[in-house]
Amino acid sequence: MPQVGQGILKGMGITLKHLFGKKITRMYPEYKRDLPERSRGMLTVDMDRCIACLQCMRICPDHCISIEQTKRDADGSGKPKPYAIGFVIDDSRCMYCSLCVEVCPVNCIYHTEEFEAQAYNRLELARQFGERPVDPTIDPKPPVKKKPKKAAASADGDAPKRAPKKVPPKKAPKEGAAA
Amino acid sequence: MLSEERRVEESALTQPASGRLANPDVRDEFGLETLDMNMGPQHPAMHGLLRLILELDGETVVRCDPVMGYLHRCQEKIAENRMYPAVIPLTDRLDYFANMHNEHGYVLAVEDVLGVEVPPRAEYIRVLMCELMRLASHIPSVGFLMLELGAFTPILYSFRERERIQSIFEAVTGARMMFHYIRIGGVKADLPEDIPQKIWDYVETLEANFQRDFVDLIQGNEIFISRTRGVGKMTQEKALEMGVTGPALRCTGVDFDIRRDYPYSIYPELEFDVITDTAGDVEASYRVRIAECLQSIRLIKQCLEKMPEGEVLGDTGRRIRPAEGEGFGRVESPRGEYAVHVVSDGTDTPYRVHYRDPSFCNMQLLQEVVPGHYLPDIMPIMGLVDPVSGGWDK
Amino acid sequence: MQTVLNLLEMEPIRFFISFGAILFLVLNLAAILTMAERKTAGYIQLRYGPNRVGPRGLLQPAADVFKLFTKENVSPGRADLWIFLGAPIAMFIPAAAVWMVIPFAPNAVVANLNIGILFFVAVTSIGALGVIMAGYGSHSTFSLLGALRGAAQMISYEVPLILSLLGVIMLTGSLSFVDVVNSQGPNFWGWYFLPQLPMALTFYIAGLAEVKRVPFDLPEGESEIVGGFMVEYSGMTWALIQASEFASMGLMASINVTLFFGGWQPPLEFLDLGNFNWIWFGLKTALIMFTFQWIRWSVPRLRMDQLMDLGWKILVPITLVWLFVTAGAMLVF
Amino acid sequence: MPPQVQQVLDTLNAELPLEGYLVVGAIMFAIGAWGALIRRNAVVVFMCVELMINAVNLTLVAFADYLPGARGLGQSYAVLVIAIAAAEVAVGLAIVLAVFRSRRTVNVDEINSMKG
Amino acid sequence: MIVAFAFLAGMTLVSAMGVVISRNVVHSALFMSGSFLGVAGFFVMLNAPALAAFQVLIYVGAVTVVILFGIMFTQKPQVRRFRTILNAQRWAGFFVAAGVGAFLAFILSIQNWGATSSGNGTRGVAAFARNLLGVTQGSEIFTLLFEVASVLLLVAVVAAIVVSRRKTGEGVDRGVEE
Amino acid sequence: MSDPSATEGTVVVAAPERAVATAEPADPWARELYFDDDVEKHPALRELRAAMPDAIVDVVRFRDETTIHVRREAYREVCRFLRDHARLTFNFLTDTTAVDMLRLRESPRFDVVALLYSLPNRVRLRIKAGCDDGEPVPSLVPLWNGANWLEREAYDMFGVAFAGHPDLRRTYMWQDHFDHHPLLKSFEISTKRTFEGLR
């Protein structure tokens, strides 16, 4: 009986201690945290360096990058090279996965420290970088169309023919004790 | 859109729908009318978008039927149309309280089918991140449990810790929640130089505050005890039969933890205990989670101490195009066994990806455990199961 | 009521002024208490609380009221409209009316009824009716469940509430709040919370339950029945419900002070402020209200059966036993 | 103050005769009786019975205040009546609930199992 | 006085009519509480403030709420058509009730009440309590009645519990072990 | 696997049993045999071949996972045998799903996969049953209630019917007015972006 209420009182003591404790929140719009070096903000493109290799467009899981490619002799060498005349990044779809940054061979697409993307219209979030605006609503990549394998290997009967690969186990999880 | 119509056999569908679903014997015993109630999908305390169709007798639940799919994104179908590396950021969206584990599971599966070696330093970093993630998941889930019981303060204390862990993640990976850090063959980048010290300091402060903010504030509270002790009680047999894993299983006394029983990564080299409890109720699951947090702290310290030098990203070639085969990755996510099943057909997109999410499997408990409890007990039971909307809806 | 009529005849102006003051106070109390509540919550939870409107966020209540005034008042399609709209009024009037019999200072009481305590008990009990009206009128399952919980809780806790008053009434021999305060001396050892400690605790707990505060906020129970009986309200009707909740919370605190903590009496005799003794009343009431808020942000919620167990199996026996003890002591001494 | 106004004020302040209360009580009793006779819902029948009891209480208290020899004893009767009415409601509603549980109805016309 | 009386009489009687006529049971109950409040106002006018408080406390605060509880339990709440119909004897009932009213009015009008005047009641709570406890002259019988009423209340509480409780083993296993 | 019944008190910290019993290779139940390169040494396969030889269609070993393809009709019986076997005790069903093999082989079209785990032996096993369109697969719900939702999901996504399932409804997709099964390879996804009304 004397213990009844002790737990509650203990908890209330803790909350009272916190009542006079230090606050941990920050006033966001006035106070801005220093972003770490690797922080991934909104994407931006350095169009001078872009070689229109379309790698970023291909890897993007969200199909948020659309590039319109032409051939143009940009550096005056006389040989027309691929040139990105239109380049749009649809920030309403981007999920900041950084795959395009990693895949870019010339490091022309990179993250900024901007992260406050807001607009009244989703189309406003499609940021154009090229000379000519690209319609962001058109899907840059049609879905992967795989030709069905005509089951060439499995000709014999009802047995599912899945030849087991003779690859040795990469590691033996069961031998955990030995490690 | 669909090329062929599919019809299932009538016999499979015409069976009585009640079956083993609800407890048939608790209905029809009442003299009074029962009350149908829809809880969710928009409900302030529901873990995401879950709809519970409840049948109430007064305040007692006689039937509980969860309806899912309000957050379904068909992750498995999307993954079939993405290249292998491009699926990793999508797995982040599955169980958004255990992103590292999602990535880890998928990456383990792809590495399994690909047969690549992972540098030891990368393994250590993965385990370090996963254990931090477990802290960042278990502590808020304790807070959520208290929120569901009506106490609002613990969740903010727990989110204080989660935010600090997320700051560490941001410094390491660049994002606070959707990391995309663990890659096929290693991790994206090495830890920044000051981060090991920061993690160590953080873990020390967490240890110092842990007892006060998450044990003393909650565990002895008489109201907490009366609300959770004996609530959601389940036996080992039932939990095993329902396919429950994680703390919800361990709180019944079943000693099962993939990290120890079917080890992956470098867990065999680390010292840790598997926490079990015997009660099998909400309070026991709370105790298990609290104790697992301490084990995670232990693991983090070991990782920091033992971390070797070296590369963090193995060589996987320019295009990841595994041979035909099936890969499996299983990790012990904070909610239980998270397994990924990858079928490769030799192209650079997976043929089939299947996620076995612990939230989905554990949530089957609801329709078994909830009937017979009072309406306010649903929420603590949700806290026991601790599902995450992104997890069960894929 | 006769006293009220007499007052009307004697000094109607004073009555109307004080009545207006009471109404003003009650309406403002809700706003101030909302602010205090949010600030307390913020500080306990390591946050700042509202701090945007005005200096240190002090104008937040005004902004809230303005927002609530301009909000659309939505009523559910199949609601019983008259009951739906009448419920906030039925909740607010009792909560505001009892303030008339609270003595703020020796001469600052609107109506010194000789049945003041009875008036308080009777009028508070009407609140349950408002809760049920809100629950039924909203045509929502959550509302209905919340209303049934609320009414059951309020009726059940009225019993320990009334029983815990009886000790004070026995010691004072009067049902008038002014007499109760007068009979507690100007020193804190004369206040009734010392001889009536179990009664004071019971009254405190039952009062918490009566005004539906955590840990007894089952009628709202936002984690299972969303907002309980007030889930369908919006705009001014919601504001009125909130105002009545906070008014009754302040009421319960001030009655706690009046009955057990000496009302306007200073804690020690030399601290007597004369006409400014209402400061003591305000301080004590604020302290009690702070404990209400402190408890709210510290503990979880009870369940219905546990609530009933606490009320009927613990509080009622305690009060009954202490009633006998008090009666015996009065016989002996 | 003009005399007309004074007259009106006097009329307004004049003491009411006892008959007023008695007539109100009688009408209330009759309404209650009517409702008890015609309503089918057992709960509403209860309410009408409560109305009748209240009418009687009103009469009792009026007599207690007006009759010189009553010395307010009517109030005491009224308190007892209130107590008994509360008891009646408790038991009555419990019976209604029990009947509802077994018969699924609160219609008094259908509850006739005690008919011979 | 006359204004207050007219207001209260209107409130009481209109609400009473509402109880009978309203087809919604919940409306009936709420009308009933209005009627009770009117009667409480009458009690105040009749110098019985304590009784008025009891009236409000017991009738409005408790009886009405309990009846509303009964309604909520006996109607399927989701249907919410708390409609009832009058039975076939509505006119017969009306005539009977009107007869009762007329008879009462006749009885009351036989006596000449003109000589009475208000103010004879006990205004103080203490005197009222002394009456109730049989301390004053002529009220000794109330001691007995008081005790009988308390026993009756006890019996009623026990009876209500016995009648309305579920039998052991009936109903749901709560699933909560002590 | 420590004995749960021996744990008493509140929080039980079980010591990790990492040491695998170093049994002689002659021991037919040694844990190594489950992972032996020679798949025929797998104890479950050995027992299964002895008990119900007709059921097994194929055995596949890939990396360290063993897959036993069984006939559709024997699917539940194989699982029951493995669950109730005294030494094998594959008593924990971790997952059930289906794979649409449309582009990998011709027949049967689907693989219904059950992933079993043996808590005492700490080994896993994958059971696959091939089925074609419209062919019902025996449901595992009579064995493990936890298969309930997993099979519902497989039905939802592939249209595989599970005979004996008590409550075969859709889990994720719309309960009515939706006749498609999205994870089929024949289900073509639309890539139209829904920007209507935004311009």
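Just so it is clear, A, B, C, D, E and F label the chains in written order, and each chain counts residues from 1 on its own.
Following the convention adopted for this analysis, contacts are C-beta pairs under 8 Å (C-beta built on N, C-alpha and C of every residue); 3 or more make two chains touch, one makes a residue touch a chain.
What you see is a predicted model, and the numbers here were worked out from it, not measured in a lab.
Asks: Identify the chains in contact with chain A as well as chain F, in label order.
Replies: B
Asks: Counting one step per pair of touching chains, how few steps separate chain D from chain E?
Replies: Step count on the best path from chain D to chain E: 1.
Asks: Name the most central chain, where centre means the mean of Cα atoms.
Replies: Here the chain at the core of the arrangement is B.
Asks: Measuring centre to centre with C-alpha atoms, which chain is farthest from chain A?
Replies: Relative to chain A, the chain with the farthest C-alpha centre is D.
Asks: Centre to centre, by mean C-alpha position, how many angstrom separate chain C and chain E?
Replies: 27
Asks: Based only on mean CA positions, could you tell me how far chain C sits from chain D in angstrom?
Replies: Inter-chain centre distance comes to 32 Å.
Asks: So, what's the distance in Å between the C-alpha centres of chain C and chain A?
Replies: 54
Asks: Could you give the separation in Å between the centres of chain A and chain D, each centre being the mean of its C-alpha atoms?
Replies: Computed from C-alpha means, the inter-chain centre distance equals 75 Å.
Asks: Which chain E residues reach two or more other chains?
Replies: If we look for residues of chain E contacting two or more partner chains, we find 47, 50, 54, 62, 66, 69, 73, 77-78.
Asks: Where does chain D touch two or more other chains at once, residue-wise?
Replies: If we look for residues of chain D contacting two or more partner chains, we find 100.
Asks: Could you tell me which residues belong to chain C and also touch two or more other chains?
Replies: In chain C, 44-47, 141, 297-299 touch at least two other chains.
Asks: What does chain E use to touch chain C in their complex?
Replies: Touch residues, chain E against chain C: 24, 26-27, 30, 33, 44, 47, 49-50, 52-54, 56-57, 60-62, 64-66, 68-69, 72, 77-78, 80, 123-125.
Asks: Please give the residue numbers of chain A that touch chain B in the complex, ascending.
Replies: 4-8, 10-11, 14-15, 18, 24, 35-40, 59-61, 95-99, 102, 111, 143-144, 146, 149, 162-163, 165, 167, 170, 173, 176-177, 179
Asks: Of all residues in chain B, which touch chain C in the complex?
Replies: 35-39, 43-45, 56, 59, 146-153, 156-157, 160, 221, 223-224, 226-227, 374-379
Asks: Help me check something: in the complex, which residues belonging to chain E touch chain D?
Replies: It comes out as residues 1-3, 5, 9, 12-13, 16-17, 19-20, 25, 28-29, 32, 35-36, 39, 42-43, 45-48, 50-51, 54-55, 58-59, 62-63, 66-67, 69-71, 73-74, 84-87, 89-90, 92-94, 96-98, 100-101, 104-105, 108-109, 113-114, 116-122, 127-128, 131-132, 136, 138-139, 142, 145-146, 149-150, 152-153, 155-157, 159-161, 163-164.
Asks: Would you tell me which residues of chain C are touching chain B in their complex?
Replies: 41, 44-47, 141-142, 145, 149, 214-215, 217-218, 221-226, 297-306
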